[in-house]
Amino acid sequence: MAPPIDLKTICPVSEIVNKMNSLYGRDLLCTQDWSIDELEKALDLSFEFKANRFDHALNNCLDRRTFFMFFYNPSVRTRQSFEAAATELGGHAQFLEPKSMRLKSAKSAGESIEDAANVMSRYACGIGIRILETALEHYGQGHEMLQEYAKYASIPIVSMAHDRFHPCQGLADVMGMRMHAGKNLKGKKILQVWGKGALVRSWCSVQESILINSRLGMDVTLAHPEGYDLDPEVIKWCEENAAASGGNFEVVHDLEEGYKGSDFVYSRNWMTSGFYGMMQSKGVDAAKKKEIELASMHDEWITTSDWMSKTNDAFFTHCGPVDRNAEVTDEVCDSPKSIVYDVAENRLHVQKAIMALTMAKI
Amino acid sequence: MAPPIDLKTICPVSEIVNKMNSLYGRDLLCTQDWSIDELEKALDLSFEFKANRFDHALNNCLDRRTFFMFFYNPSVRTRQSFEAAATELGGHAQFLEPKSMRLKSAKSAGESIEDAANVMSRYACGIGIRILETALEHYGQGHEMLQEYAKYASIPIVSMAHDRFHPCQGLADVMGMRMHAGKNLKGKKILQVWGKGALVRSWCSVQESILINSRLGMDVTLAHPEGYDLDPEVIKWCEENAAASGGNFEVVHDLEEGYKGSDFVYSRNWMTSGFYGMMQSKGVDAAKKKEIELASMHDEWITTSDWMSKTNDAFFTHCGPVDRNAEVTDEVCDSPKSIVYDVAENRLHVQKAIMALTMAKI
Amino acid sequence: MAPPIDLKTICPVSEIVNKMNSLYGRDLLCTQDWSIDELEKALDLSFEFKANRFDHALNNCLDRRTFFMFFYNPSVRTRQSFEAAATELGGHAQFLEPKSMRLKSAKSAGESIEDAANVMSRYACGIGIRILETALEHYGQGHEMLQEYAKYASIPIVSMAHDRFHPCQGLADVMGMRMHAGKNLKGKKILQVWGKGALVRSWCSVQESILINSRLGMDVTLAHPEGYDLDPEVIKWCEENAAASGGNFEVVHDLEEGYKGSDFVYSRNWMTSGFYGMMQSKGVDAAKKKEIELASMHDEWITTSDWMSKTNDAFFTHCGPVDRNAEVTDEVCDSPKSIVYDVAENRLHVQKAIMALTMAKI
């Protein structure tokens, strides 16, 4: 493993960071794996980075360090924001597409994850991995692969979105809500609502978001049409989170009930649980076509100004990229209550904070 | 938008740069959009960067800033020189291929340019875009797309070559001529001549070059076979430029007249205006084949030593990459009067100057 | 050529480096091209970089310089370690895939290597090139191309593995042996043994390794089944190297004889000399299939604990990536005597040393 910088020798460090040694070397596959205190430290540092983007004491904390980004699936925002995060901390993120890597698989000879992870730990300070549905055979397989990398690597593994979770997005969502409604989100009602659309999206963003929101004591209402259930284990964790935090978590299929009194509306398309099976039996294109067909049967599942008028003057938020006039109307997305660009920007600050805390020795 | 560096606090700035605040935040889609004074400032700074490549006061002016490069079409020189330019200014250029980006189009759902440009403005200090014929349906469409990005982005958009213009190349060409013939190009005759070849090249470089050359008061002769007319609007601008600058602009189809008395010879292949229609009806490969067939009918359109002997001991220049023994013979290209490598090098200096002036707060 | 840094003005330099001006500007296509003294300087600096990874006097010696990496064939380790090497020296390595470059070839118009190399020499401090069997028509063609780049470029060309040689790997192998057995390798017996497997590997790594090992006075035994002969010219050089160094070099087809008394065991799969012809006549896939078929006939050619027990308590080494349970068993590869991860890490240190010595003016 690359010898870490001893920051104490090169810069004064802010007080908050001094307390964070617990996070050095840690993986981040899901916010659920970190304690509330740890997540709060990451969020505090994210706000510091936002306020002092180029003149924070930790500005150069990855000086000449390498971060590997493994994109099993393509991405724009995630790649842009992770690569910029490494650059802004003085390091460099390598954009790697494993499709051209000779890794061992059921079908072909090649290098084992054990060897790849061990060697990469000699070169870099951390590894980000993105792997979604179309690169997988069943739900959960991506998470297992991240766990296998984490087992063998001596440097942190950070999810850049995988089939189950998207921790950096979940933290960026929270940061956006706090920017506009204050730090204490306890008791605030958030509607997390399925939206129609043609993008056939992963469960990872919405699952991460309901997990962290229920953990912070919010009043979380998950609304979707019948047939769009999420991972039952995640739902169970949300219920446990709400019980522990004094918040609330419920699932509804009724839009009226969902919007009523909300302080935040978060809309997002996601696929049915039938997608993987369909993809295996009929191929990706047929599976996507089927999902688009199914989604088109729920025309009223779009966030409009009418629906927003039922809320408690809610902020509109979205994990991006927005599928306009499918998940949400232009009118709502461009309104003064929309915080979608701030949330997108926060990805950068959150990822800098996570990289600084887990990959730079403080 | 990324908070810019206040250079005054980190380094002494050269006098010339102090006067340039007008350019901060500006787009560059075509040299025609900038005043002569602004272009001269960029050229002056380009010469400064050439003279002090790694020890100029603006050396680190993009320290840890991100520049996005969008390559809708591949490139070697443009990618190499833009990425090196960002590196030499202390920043980092991300190489992005939009083919894998989920952007909205007539045919598919995805993110709007409005949203993409707004979000990217939160991450980066500038965006370069390259989009040429084979990625387009009609001439002018690439320029419209750059204008749309420029409309929504709060950071500068710089053309890295698009269907109509190639401003960085036009400036590098001028810089090359000045290196060898002095700063004042007024009244110098330049022949800008079509060359045969199999590369089916865009109009962007030659159009940019005749625009800026006519603006600087040069005596510009554009020579090509019948059927190789360029954009009529650009031709009209060249005539207006020449009238305003005291220069001259004319179009000829006769090589003898073109070469006679020239101080500079600039050769370049380009396609007919029929290319787009052919590509739409028959496909890219058929359209290219047709263009190569057409071009092969003009065997005498190659710059040779014989032709060069008709000139005023002219310098030979080319926007690169050179298609040897099609556009120009080896003998001319390798002669002591050839300035093609200097012009290629100048891309780096010019792009550093443009990035420093438009993206770093001075 | 990019004006080099005068290191004397920016940092104190270690004594060893002060003596190394001879290497500035030098290409590295094969260790055989450098003198023993030059190789020892590179190895000494590699050890210095390993010991002082981020605080060596040459730490920033490629500050804001660009290194071009040309990958005609894909790679993971080589790309990761070269890009990290440039980053750790303060520079930036551009990842370039020539398949999208408009370079001239027998089949298509485009830029000549002469022009490409001349222009790139204006932008960068060095060029790395990787080109292997599947991108070539005959053995030796890749080496010729590197020589052509070296002829026209005024900056160093470094092999990142080509059909004949892999100098950075050869040096990393030596560094690994010295880490575990001391600097003086004279007289130590190394078995360099063919291993079965499905990866159809190049000759470059093993040829580089037998060349440098025989040059350092080791007792080199090359063992392979009949039909797996390497380049006869390389074999001749190995014999000459051994004669000059007081070492020994022999080729055997018997495993018993190979393992007996070895201090190091280096296993590696490689293709037969028939691969190129088969690829030309039947295509890449058929050629690979044939090679895998041939290799599968040599079941006993795998390094096992049994075989290791015949050695002088040998270290196990491999140039990576390892094809486990084909070239070597898990048991041997994971044993305390295995140095494969150290060898892989050494690629980084060796490449930093080569870049510092050849590309930064001392």
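In this document, chain identifiers A, B and C correspond to the written order of the chains, with residue numbering beginning at 1 in each.
Just so we're on the same page, contacts are C-beta pairs under 8 Å (C-beta built on N, C-alpha and C of every residue); 3 or more make two chains touch, one makes a residue touch a chain.
In this text the structure is predicted, and so the values were computed from the model without any measurement.
Chemist: Could you work out the angle of the rotation that brings the CA atoms of chain A onto the matching CA atoms of chain B, rounded to the nearest 5 degrees?
Modeler: 120
Chemist: Which is it for copies chain A and chain C: same residues on both faces, with over half shared, or different residues?
Modeler: Different-residue interface.
Chemist: If you average the CA atoms of chain A and of chain C, how far apart do the two points sit, in angstrom?
Modeler: 40
Chemist: Scan chain B for residues touching two or more other chains and write them down.
Modeler: 92, 95
Chemist: Touching chain B in the complex: which residues of chain A?
Modeler: Within the complex, chain A touches chain B at residues 53-54, 59, 74, 76-77, 79-81, 83-84, 87-90, 92, 95, 197-199, 320-324, 326, 340-341, 344-345, 348.
Chemist: Please give the residue numbers of chain A that touch chain C in the complex, ascending.
Modeler: Residues of chain A touching chain C: 2-3, 5, 63-66, 68, 91-92, 94-96, 100-102, 104, 108-112, 115-116, 118-120, 122-124.
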